[in-house]
């Protein structure tokens, strides 16, 4: 059952030192900034973070890395024009990196949530990112065997949650949210709005509440103000 | 596979500009195609797609039916393309999560993917994600998925490196992104087709720009067939 | 794992009826659980789940938040359960496609699955999909996915076959549905727990109905621990 | 690009003898009855049909089997109280059956659409349905290697399609529709209603038009009448 808490601090209180944290977002879109800020405040450290990027500018994941709270990053695209905190930590040898092609990252997370033990993917075959991995030719095509990526916790951002934790997302901020929600033992979601059960059309629920453990709502007004500021 | 398009023939007397190259690629995309345009130069292709072509753009961060770049008040931080640039939404668009988006790509449902490259081999191997420099921070993004996902992969690049050597090579010296995946290479000096045939692929020069075809093929130390 | 529920203790003097058995299983499901009830006898459990339990029912043909069976005008051919019986939709329901539905199950997200069985082994193997009769038309449906998918699998069945032999066995003689997957067996004569421990699982009689626990365990030709 | 045709007959005209046909539906819910009727009328034969069930009563897939137009059925649950046409054909040895656990059926179709070469599933491990298949222990759990099921054609039923072929479904009639649409080379959809592009919320599209090749619309009134009759 989904629990609802009033603050981001309560929402991330269960994240332990050394945890593997799945962080939603593609760039800043869908990145759960308020949950990450709360994680910063909580002092939790030695984290393995799974996310598409490795932080931009001086916000969110970039700050977690700046503060050296992240031991390892599993991601597809750490290098950005404004990924200076990642760059510094990586060059200093203070951050381990596992680079994963973006589609394999998504599918490995999906496999974790879906109970698939491993799968053969064509992505990366013959490249240095598949070095040392098992390969197989199936019906004339070459594949690499990839394994699930499971999280202790997922921190994601959605648009709305209803009383039973069903989620809907907004535009391309959906990205990794649904697969990470299913891939983590405990999924924490920040939403702009809480709505009563029955107000989300059952046909349109993107992530059913079964995948959602903790929800905290930011008031819609705050969220909108912030978005305008960021744009 | 026809080279009969007015844009291209008008431009035969000199090397293609980046804009002309984008125009040429756009004209070569079949009507009704689902297309993914890679970050950088390929993004320009969208400027030359016509409404009549009814091409649907995919962005791997979870959308079909992507519209042009957003400006001013239309900018929405939660509606971005794979290059993290704010874009717009066209009628008939749809959103989906990352696993569904890459399943769409990996499953071979996109008709064309247009990518930039450091090198392409005569066998269609693509190198576009890393220069292999030891001090570089590695990043791959969706490059390896894009390389193997679409029914056809078009590469856009300048034909010659700064040192004058061709970037179409017998074997890639840069780390590869995917093997045997490229079907066409659009460059400033010529359009090349990598055609599958028994006994291995062959490289065909479809059209040359700013240089005679016979001269251009001499710049390679492997055979290039001039299209008849 | 507590046997302290009034329903059960009131019923200790005689074997449980099918209704009482359903009542007992319903009372044992933890509040807030996500549950899949198999076709047949397990479906009855839903009649005894209370609103206070806030149990959410999953049906593997693509729905969470399934309500009671539909009758009369509420019948909708496109809103059915896994047994193809028309059902209803509760507030907070959601629909999803078959691959997502079985990913939910296979991924271990359901708390409890309640299934019928022909046999259960002392090691938790389940046989419920086929009697192995050579002339039978085989059908498996979602049985094998249900068997291995939920965090806990409860079986409901009569304890004894028509010939008087127990259907909890050392090894299943019927074709198995899944190995080591059952954690509890609810029967008319007793509730059994299959507890994981170092050195292998052990079978524990939690409570007996209509027979003294000491008498009941004598009916098996393997050790059954009586809960202390 | 999606083509729109006026009749079910035109919609199935491309199905060839010997084709592998993915048939949507779980029982009668979501079964594309009008497309199957058109397939019956077309005379196409020697089909391999992939579907959850093997027909009920005297409708849809049951009639295809009755007419001996189906060479092989790949399904999870052929036996029903009213599956008499399947039963007869099977007992007469005139129909090959590949029995697949329902979740493996769904995931194998999903794998076909998603470009996965093969995957390790826990479902069926140690059972007769996994006999002869490769198995592997991964992190203490046992798995069976399963391969994709691809279709030449998928015939499915949806509620609405817009001008670019985006689909939405209705309640539990969604079932196999979305995975089959992605798993087939050519997907044919019967819908109750055609709507203009822009009238489906992009957040709520279930199957994007990229997976949809041919659509035929039945008028809503016909469809409703029929549903009442069937109920």
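Each chain carries a letter (A, B, C and D) given by its place in the written order, and its residues are counted from 1.
Operating definition for what follows: a residue touches a chain if its C-beta (ideal position, glycine included) is under 8 Å from a C-beta of that chain, and two chains touch if they have at least 3 such contacts.
Note that the structure is a prediction, hence the values are computed from the model and not measured.
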When each step joins two chains that touch, the fewest steps from subunit B to subunit C total 2
Enumerate, in label order, the chains that touch subunit A and subunit D alike. B, C
By Cα centroid distance, the chain farthest from subunit B is C
Quick one: subunit B and subunit D, Cα centre-to-centre, how many Å? 35
Averaging only over C-alpha atoms, locate the centres of subunit C and subunit D and give their separation in whole Å. 30
Residues of subunit D whose C-beta touches two or more other chains: 107, 110, 114-116, 121-122, 169-171, 202-203, 206
Can you list the subunit C residues in contact with two or more other chains? 63, 89, 95-96, 103, 105-106, 149
Chains touching one another, given as label pairs in label order: A-B, A-C, A-D, B-D, C-D
Parts of subunit A lying in touch with subunit B, wherever the complex brings them together: 26-30, 52, 76-80, 83, 86-87, 90-91, 97, 99-107, 109-110, 121-129, 142, 169-179, 206, 227, 230-231
Can you name the residues of subunit B that touch subunit A in the complex? 59-63, 75-80, 84, 86, 89, 95-99, 101-103, 105-106, 125, 130, 137-145, 148-149, 175-179
List the residues on subunit A that touch subunit D in their complex, please. 107, 111, 114-122, 136, 138-139, 141, 143, 147, 168-171, 201-204, 206
Touching subunit B in the complex, subunit D uses residues 1, 110, 112-116, 162-164, 166, 182, 196-198, 202-203, 205, 208-211
Using the touch definition from the top, list the residues of subunit B that touch subunit D in their complex. 31-32, 34, 54, 56, 58, 63-65, 89, 91-96, 103-110, 149
